[in-house]
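A quick write-up on the structure given underneath.
Labels for the chains are A, B, C and D, by order of writing; each one numbers its residues from 1.
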Amino acid sequence: MKKVVITGLLLVSSFFAQAQLPDPGFSIDERTAIVITDPQNDFFSETGKGWGIFKESIQKNQTKEHIEQIFKAANEKNMLVFVSPHYYYKHDHQWHFEGPVEKMMHVNGMFERTNPIREEHFEGSGADWYTPFKKYISGDNFIVTSPHKIFGPETNDLVLQLRKRKIDKVVLIGMAANLCSESHLRELLEQGFETAVIFDATAGAIIKEANIDAPEAALTNFRMLAGKVYQTRDFLKELSKLPVIKKN
Amino acid sequence: MKKVVITGLLLVSSFFAQAQLPDPGFSIDERTAIVITDPQNDFFSETGKGWGIFKESIQKNQTKEHIEQIFKAANEKNMLVFVSPHYYYKHDHQWHFEGPVEKMMHVNGMFERTNPIREEHFEGSGADWYTPFKKYISGDNFIVTSPHKIFGPETNDLVLQLRKRKIDKVVLIGMAANLCSESHLRELLEQGFETAVIFDATAGAIIKEANIDAPEAALTNFRMLAGKVYQTRDFLKELSKLPVIKKN
Amino acid sequence: MKKVVITGLLLVSSFFAQAQLPDPGFSIDERTAIVITDPQNDFFSETGKGWGIFKESIQKNQTKEHIEQIFKAANEKNMLVFVSPHYYYKHDHQWHFEGPVEKMMHVNGMFERTNPIREEHFEGSGADWYTPFKKYISGDNFIVTSPHKIFGPETNDLVLQLRKRKIDKVVLIGMAANLCSESHLRELLEQGFETAVIFDATAGAIIKEANIDAPEAALTNFRMLAGKVYQTRDFLKELSKLPVIKKN
Amino acid sequence: MKKVVITGLLLVSSFFAQAQLPDPGFSIDERTAIVITDPQNDFFSETGKGWGIFKESIQKNQTKEHIEQIFKAANEKNMLVFVSPHYYYKHDHQWHFEGPVEKMMHVNGMFERTNPIREEHFEGSGADWYTPFKKYISGDNFIVTSPHKIFGPETNDLVLQLRKRKIDKVVLIGMAANLCSESHLRELLEQGFETAVIFDATAGAIIKEANIDAPEAALTNFRMLAGKVYQTRDFLKELSKLPVIKKN
C-alpha cells in the first residue's frame, strides 16, 4: 500500500503529462471554502470505535496534524470551513435496511446521539469533536451543518450553507476517504461546485485480511473526479499567497 | 376569506364532477405516514412571534385541535409521524441574501437555536415544540428530522427517514400552509411519494392590509397538486377503518 | 382578478412600508440568467391543449408579448436564457399514481413526445416550442435543459447547467404560474439561488366554476418567496442599464 | 489486477465470515428493478472512443455477454430495466469548469448529441446504444431516462421513474464501474433504495502507466456500500427462482 499511495501521488504529474487525462485546473480564491467531514472522536480518538481500522492510514497520512495545519491557515485568511458531521439518533436504529458499512456503524454504536435536540451524553462521546479540533470548530468562520445520515450531503444543509455565502469552490478534507469524503465530493460535483481534495488530510480503512485498502480506492477516484488532488504542503503554499478574505 | 375557503372545500367534489381535473385517488395504508412541519411555539403559542399573522387562520381552521386529534389517532394505529422542524442557528444570520419571508423570520428571531448541538435556551423558546404537542412528539412512533432551512425538506433527512422505513405515501399537516407545508408537498411529489394534505390541520398568514390570504393560495395549490385534500374529520374516519399497523 | 393583480403589485410597496415583510433586495448583474418554463404550444398556441383554461390569464398579462420582449432584451445583453421544457413520453403513462394536474395532463395528452431520442411527430406538436419563440430558442445564448417531469427542476439538469456557467441569480418567466414556475422558484430557493419572478411574463389557469384562480395564488406566493416580483416594463428598464455581458 | 479482482470476489464470503462488516442482506422481489448506466457505443463498440482504456476490463469481466444474459432474464420475468444514458450536447461545451474525466470526455467528443430534441447524426454514433443491446432497450419493460450530465442521477429523472412504479430495490450494472455506476449507487443509497451491484456486468478503465485500476477501486467501494455484490451467475440463479412479475 505504501508504495501504491506514494506512486499514486507522484504519478499525478506524469499522469497528466501523458495527456491521458487532461488537467482541468483549480485554484483557490475568495469564493473557496474548506469542507471537512466527520472530525469526530470515533475516527480520531484512540478510544474511538473506528480507530482500529483507521489508525494505519491516519498515522501514515499524518491526517490529524494536516487538519490542524489547514484549520490554522484557514483562520489566518478568514477562509470559511464547513463541518459536516455524522450523527446517529436512536430512531435511526429503526431503519428497515442498510448497506454493510451502515450496518457496521449501527452495530458498533458509532456517532451516537440521543436525538437532534438533547445534548445529554454528548460531551466527550464518539460523536463529539476530536478534542484538539474543538478550539477551531467553535470559531466564527466555522459553520457546522446538520448531520449527513448516509455518506453524502444530500440529507443535510451543506450545499445551501455554501451557496448562501456565495461559495462555489470547495476543498475537501476529513473522514473517511472513500466513504463520506468521496460521497461529499461526488454530490458537490453534481451540484456544480468546483472541487479539490487534500489527500493527506483524509484517511481510510485498511483491513488487510478482507482485502480492503480504502485510501487507495479513494485516491483512484479523487484523481479522476476532482479538479485537483492536493498534498497538504502544496495547499498551504498556495493558500499562503491568497490575500486575507474580507468578512461579509 | 371564510366564504372562499368553505366554497373551496365544498367545490372539490363538483370540481372533479366537472371532469376539469380528474380525481387521482389516494387512500391510507400501512405504508402511509403523517408529516408535520413546524409544530413549534413561534406558530402556535400566543406568545410566539408568528401568532399575530397566523392566529386568524389557526382559530378558523381549529388547527391545534385537529393536530391533536390526528396525533392521537395515529398513535392508536401505530402510524408513524415525521416531524420536520424549522431551526435557525446563529451562523444562519451570515447569509448573504434571503427572500422576504426568510428575511422576516431572521429579523424577528423566529425559530432561533444556538447551534445544532447546544440545548441551552431551547426549552420553552419559540423554536421548542408547542407544549400541548410535546407528549406526542416524545413518543416512539414520532421521528424528528433535522431542520429544514428554507421551506422544503431538500435540506434535511426527511425523505431518507421515510424511505428507510418503506413509507411511500404521506399525509401533510402543520405550518405554514403555503410556505413549509406546500414546499414539503411539492418536494415529496418530485421525490415520487403519493401525497395528501389535511387542509384544516394547516394554517397560513392572513395580512389583509397587504392583500395576503395565504391559506387561500395554499388551498388552490393543494387541490391541483396533492392526491387528496382531506378535512380532518374525513381523514379520521378513513384512518379509523385501517387495521393497527404492525411494528417493524 | 385584474383588480387583485394590480392591487397586489401596487401593494408591494405599502406592504414593505408597513415592515410586515422586509424587502430583501434583488438586482440583475452578469451572473444573472433568465429561466423560462414550458414555452410550448400546449400553453401558448390557440390549438394547444391548455389554451382553454390559460387564455384568459395569458391575454390579460400579455404574457406572449412580454416573453418576446424579454427574449429580445436578453439577446442584446448576451444574458443567458435557460429553457426548462415539459415532455411526457409513452413510458410515463405507466406511472402507478399521479396528482390531479398530472393526471389531467396525461389524460389530455399534453406535451407528448415519443421518447427521449426520437424526433418523429415532434415538429408542430403540443410539445414543440410556440412558433414565435422558435427563432430565439435556437440562439446561442439559449440553453435547453432536459425536461422536468412533475413541476420542478429536481428531475432535470437545470441547476447544474446554471452552476456550470457560474450563474447564481435567476429571473423566472413562463408557464404555468403556480405550477412549474412556482415549483422552479421554490427549488431554486432551496438550492441557494437569488431569485426573482416577472409576474406578467407568466400566466395561470383560471377556472371560475371550480373556484380556481391560479395566478392569484401564484402572486401571493411569489411575493412571499422571491427576492423581487417584477413587472416586465420594470425588468426591461433595469436590464437596459446593464452593460453587455462578456461571453465566456 | 487479475489476482486482485478474483481475490476480491472470493473474499466477499470470508470477509463477512469475519464479521468485520456485517452482511446486511438483499434479495430480489417484484419491487426490484435493474438500472443500467451508459450501454452505449463509446464504451462497448470497438470503434468507441472509450474502448482503448475499457476493453481490458470489459473482456475480463465478459461485461457484454453478462449484460445480454441479464437483459434476457429480466425480460422473461417482466422485471423493469431503467437505462440512464450519458449524452453531451453542444451547449455543454460552454461549461466554465470540469473535472479530469469530464474534460477528457468533452475533449474526446464522447456521447455527443446535437441537442435534447434533434435526432440527426445520432444513429450509430458513439452516443447510440451498442447494437446488440438495441433490441432489448426498445422493449416495453425498458425505461430510458433523461441523460445524466456528470456521473450520477441527480441531473435526470431516474429516481422519479423508479418511484412512480413503486420500485424500491435496484440492481446496478453497466459503465463505468467507478464513475457512473458508483455515482448512481451512491445517490440511490442517499435516496433510500436498497441496492446491489452485479460486479462482472460492469467494467472500468485500466491505465497501467498512470496507476489507474478503476475496477479495483469500484469493487472496494461496492463491497462497503451496496447491500450485495453479485456475480452474474449468482444473480441469474436467484432471479430464476422469482415468479414472473405481474404487469401493472
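As a working rule, contacts are C-beta pairs under 8 Å (C-beta built on N, C-alpha and C of every residue); 3 or more make two chains touch, one makes a residue touch a chain.
Note that this is a predicted model, so its numbers are computed, not measured.
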item: Comparison of A-B and B-C (more C-beta pairs in contact); value: B-C
item: Of all other chains, the one whose Cα centre sits farthest from chain C; value: A
item: Centroid distance [mean C-alpha coordinates] between chain C and chain A, Å; value: 38
item: Chain centre separation (chain B, chain C; CA means) in Å; value: 27
item: Separation of chain A from chain B, taking each centre as the mean of its C-alpha atoms, in whole Å; value: 35
item: Contacts with 2+ other chains: residues of chain A; value: 97, 150, 154-155, 159-160, 164, 166, 190-191
item: In the complex with chain D, residue positions of chain C that touch it; value: 91-92, 94-97, 115-119, 122, 143-147, 149-150, 154-157, 159-161, 164-166, 248
item: Contact set on chain A toward chain C in their complex; value: 159-160, 162-164, 166, 168, 190-193
item: Chain D partner contacts - residues on chain A that touch it in the complex; value: 4, 7-8, 11, 14-16, 18, 20-25, 53, 97-104, 107, 150-152, 154-155, 178-179, 182-183, 186-187, 189-191, 194-195, 205, 207, 209-214, 216-218, 220-221, 223-227
